[in-house]
Amino acid sequence: MTLTLTKEKLVEIYMKMLEIRFFEEKVFELYAQNLVPGTIHLYAGEEAVAVGVCGNLRKDDYITSTHRGHGHCIAKGAELKRVMAEILGKKTGYCKGKGGSMHIADFSIGMLGATAVVGAGIPIAVGAGLSIKLRDTDQVAACFFGEGASNQGTFHESINMAAIWKLPVIFVCENNLYAMGTRQSRVMAIKNVADRATAYGIPGEVVDGNDVLAVYEAAQKAVETARKGEGPTLIECKTYRHKGHSRIDLAKYRPKEEVEEWLAKDPIKRFKEKLLQTNTLVEAEIQQIEKEVSAEIEEAVKFAMESPYPAPEEASEDVYA
Amino acid sequence: MTLTLTKEKLVEIYMKMLEIRFFEEKVFELYAQNLVPGTIHLYAGEEAVAVGVCGNLRKDDYITSTHRGHGHCIAKGAELKRVMAEILGKKTGYCKGKGGSMHIADFSIGMLGATAVVGAGIPIAVGAGLSIKLRDTDQVAACFFGEGASNQGTFHESINMAAIWKLPVIFVCENNLYAMGTRQSRVMAIKNVADRATAYGIPGEVVDGNDVLAVYEAAQKAVETARKGEGPTLIECKTYRHKGHSRIDLAKYRPKEEVEEWLAKDPIKRFKEKLLQTNTLVEAEIQQIEKEVSAEIEEAVKFAMESPYPAPEEASEDVYA
Amino acid sequence: MRKISYREALREALREEMRRDPTVFLLGEDVGRYWGGAFKVTEGLAEEFGDERVRDTPISESAIIGAAVGAAITGMRPVAEIMFGDLTALAMDQIANQAAKIHYMFGGQVKVPLVIRTPFGAGVNIAAHHSQSLEAWFMHVPGLYVAVPSTPYDAKGLLKTAIRGSNPVFFCEHKLLYPIEGEVPEEEYMVPFGIADIKREGADVTVVATLYMVHKALNAAEELEGEGISVEVVDPRTLAPLDKQAIIKSVKKTGRIIIVNEDCKTAGVSAEIAAVVAEEAIDYLDAPIKRVAEPDTPIPFSPPLEQYVIPDEKAIINAVKEVV
Amino acid sequence: MRKISYREALREALREEMRRDPTVFLLGEDVGRYWGGAFKVTEGLAEEFGDERVRDTPISESAIIGAAVGAAITGMRPVAEIMFGDLTALAMDQIANQAAKIHYMFGGQVKVPLVIRTPFGAGVNIAAHHSQSLEAWFMHVPGLYVAVPSTPYDAKGLLKTAIRGSNPVFFCEHKLLYPIEGEVPEEEYMVPFGIADIKREGADVTVVATLYMVHKALNAAEELEGEGISVEVVDPRTLAPLDKQAIIKSVKKTGRIIIVNEDCKTAGVSAEIAAVVAEEAIDYLDAPIKRVAEPDTPIPFSPPLEQYVIPDEKAIINAVKEVV
């Protein structure tokens, strides 16, 4: 973890991570109070990945996301209140309540949407990359997916396609060790998803996904490569989700020691310590940031809670453009 | 090319290759005379692959095949006349005329059938491997597919599955450099399909697919590994099809020099020369074999030509078992 | 008679068949000991039969079905689970082009004794990728059987028939049915394919319904009874084979038919049933055929939106009243 | 007026739209300069527009459609080709769950101007994996439009409409139609979606037919004319949106309807059309609705078997005679 970035950037990174964490804690709380319909897949614990990657992206760059997408939205710059409103099924949400937690999108910031079909976002990111190439801009597309998704056929077809056409796509595998109750070692005979890059002739890199600056640096390199038209990179971020997979999953399939070990590696805690140790920030500044973020979240919740549900008949709208 | 096999085995291998070649030449001839309905994908030029692999298989071992499947059938031991009859759409064909050239199967010899959906046979072979494991026998399953098929999602999902469960499957990629008019280099950023094995933690090997003994040896090792329960191998055989992709394709997308270079590496010619050079066989024996095989093919054609078509109403049979 | 849930009934069928026949095995994502299936249908089975026969897979729907096909044609009887019905789209080639056609393409040489279990249906706010009802796709594929049990009794009996059969069976479940309880005998029984069940007898209108909609149709019938309208509820139980005769017989009696299915209306299950009646029993009709189905929209997330698109008792009652 | 083939008409539509709009591009297996598409529809286009805009892909159906979706939502207008309609099964998730639902799921934020071209149909002895007609699957997916042109004129006009539209279009072609010639004006025109075309006027029986079956229906009508039976042939041209009014109007005139489609009968296109008539126009019917379709079998290889399952003029004539 080196600190070559400006203080402003470092604060921005810290804030975004905190936003995601507090946001997810709040979603969990609301869920427990039965205020969130359906299911939720929390990003808490994996903040360094989305923030480290999106920290390198411009507003006009693209991302595609997954069922575990709140963090991606926030990291790319979505408004908290409209994310929260969508999760609560409100009309003011990004998708007018049609999408919910698993299908948030904000095209105004290049967030091309979350798909709940594991692996289905990967070729879509490739298509965004192809579009960039055909339109001849210097945008890039980042594509998030889990290690579980890396066993889907789409992973293979998509990365191969991006490789042969040298598309500006950054494939970001969030390896949180589990796909629901399934440990990676039971569904993959190799340790690193990044090693699969050799099958496509592109660079593959493993990074500590709980070290936001490590992720930032790896993504920076990949984004530069992509912008220069030198093709895609596969980055595997080793991380861990703090909660169960979804809803009320207690994640009993995870050994207690493993959970503790990873909790100790909490990306936010680690980054905070670094910021303090290096005197980038002092405790008071940290507290100030936490307060600000808390307030933001409260505001988002308030907005979402007070927003109306869509009218039932709106279900018939937006089938065709 | 070393000759450690018995003369009997060598002759068997030579004969099988010749059977395939003469068979395909005859099919081409019949096609030109408008006697073959539909389309055909000839195996001529690739004989060393099917024969080298199947030479290691027992009758109760399995194979799955492709649109280019005549060679696989014959190498696994199918009756020429029933293969030919199927290709001509006759009732005496393996599938009673329902399948045709792209869908031949002979379950009595473990030939689990050809699928015309590129890549679709790969998971089916994995299923056969799983079945072997669950039934606890020492059979193996070999799975043939092209380099084009190796860009399908099923390739990825299937090999991964076989790898994690250590299934007795031999994945045989017939890399004939083209998928229809598409050269491998335009759809794959790596040279060797076998290198993809690293993505699954299994051995991958490149062999000269026009050297039947090289294929034989690679397959032998893979089959032994599989029979011992030590899991799958990916073998890539570099080869070339002599004719166009299908039907009347003149294959103008292939440089003339390339075609000539490969024709010079004809696997049958090479093997014959080897047999002669090493005095394994003398010219007269070769001629005798050629005569025998020719006669066999003529008989198969006669059988197929004289066989009746199925009655139209038979189309309604065999939908359900 | 004892009552058990639809979920337990399915599990019993699996357990009994696995005990009876060592070639029966399960595979799917998280069907094993760590999760027991997303809807807990397979819970406890790995503990009894081991991880080999209750096999967790990678997230590879296409290879799950492909592997099941390969196992089925080499002596096993796989029961594959696809976690959500919407995800069968990923395995459509293996289901429709391979599993369903192998017996035919290869001239009847081999059987494909394969069951694909999957839950359909909306109602739990999990939006467009986890809520569809896609039975019609599979009904349109010759070579497949399609089962649609609405009760614990039917679920158990049909699943046992599916597992013992010689053909690929696309076995549809419904998320909201899993907790529903019903009578299931202790002793063994099977429910044959192609035999509809009259879930309620009536004289004025025939309502054909499947899966969770059977229960809504029964509620509607109960309410209509109070208003003096006698509704016959016919549950086909399998869509392929479809018990046309039972439907036509009921129409001959009532002269009126409402078809209720949870899928999108256009080109859905109810279209086929309507077409059968229009072809074979139109002379017995005293009123237009009516379909009650989801409107042609993806399933939205927000509760008021979702409730709007799912066919309910009111829609059934209105349809009935329009024809009597 | 000049006559050109269906294949040329499609190619003209592609060429004109690519010239007009630089965001239009083609992708698919062997659509480029080395092959020009398995059925030669895109022949010559790579030479004019370059390999970037006429893009050969790996054999990766799922990623082809996925990439097309990604391009469509970021400013391009992709026209993807799937070499054979049967192979759309491999891309079903990207077609039905992604392309079709993105506009809806994301609350209308983005349009998905994507065309998927693919040939359906039997008749050239290429068996079960290359001969199906699967339009009904796509008709059942809200968010998709489904075009089914039967003539060069319709093919060109509908494809131009598809490319300029804002929605994903599943564009069905038919192998046997490619060489068929018909009148196509030199000047530009479009064929709107959702407007059926009366391919032949008649008074006694309505025959609704699509794709290649339109031609068989016209042949049958010609023959029946000689026997004094006047047949009206209605070609919906798009299945979604479906011009119900045109069908119903014709039924009101003739009182009889035969629906002819090349897909397997059960839960096929003709089921939906039959259901619409049974719901909305049953009182105008003087006879049962009849469907002429493939029997519920995979497509067999051998010529006599294949001919047996493809609906022909005789089947149409027989059906007509049964109702008049």
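For clarity, chains are labelled A, B, C and D in written order, and residue numbers in each chain start from 1.
Criterion: a contact is a pair of C-beta atoms (placed from the backbone, for glycine too) under 8 Å apart; a residue touches a chain by one contact, two chains touch by 3 or more.
Note that the structure is predicted; figures quoted are calculated from it, not measured.
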item	value
Chains in simultaneous contact with subunit A and subunit C	B, D
Relative to subunit D, chain with the most remote C-alpha centre	A
For subunit A paired with subunit D, centre-to-centre distance based on mean C-alpha positions, whole Å	40
Averaged-CA centre spacing for the pair subunit B and subunit A, given as whole angstrom	45
Distance between the centres, which are taken as Cα means, of subunit D and subunit B, whole angstrom	36
Rounded Å distance between subunit C and subunit D, as computed from the means of their C-alpha atoms	30
Junction residues of subunit D - those touching two or more other chains	57-58, 60, 62-63, 86-87, 89-90, 93, 97, 104-105, 127-129, 142-143, 296-298, 300
Per-residue overlap in subunit B, given as positions that touch at least 2 other chains	95, 97-99, 103, 115, 117, 151-154, 157, 160, 164, 186-188, 319
Chain contact topology (line, ring, star, complete or other)	complete
List of subunit D residues in touch with subunit C within their complex	86-87, 89-90, 92-93, 95-97, 100-101, 104-105, 127-129, 134, 136-137, 139-143, 240, 242, 263-264, 266-272, 274-275, 277-280, 282-283, 285, 287-291, 296-298, 300
Complex contacts: residues of subunit B adjacent to subunit D	37-39, 89-90, 95, 97-103, 115-119, 148-149, 151-153, 179-182, 186-188, 253, 309-316, 319
Interfacial residue positions of subunit D with respect to subunit A in the complex	23, 25, 52-53, 57-58, 60, 62-63, 65-76, 78, 93-94, 97-98, 102-112, 142-143, 145, 166-167
Complex interface listing, subunit C residues touching subunit A	29-30, 32, 34-35, 38, 56-63, 86-87, 89-90, 124-130, 295-298, 300-309
Parts of subunit B lying in touch with subunit C, wherever the complex brings them together	62, 64, 93-99, 103, 105-107, 112-113, 115, 117, 120, 122-135, 141, 153-154, 157-158, 160-161, 164, 317-321
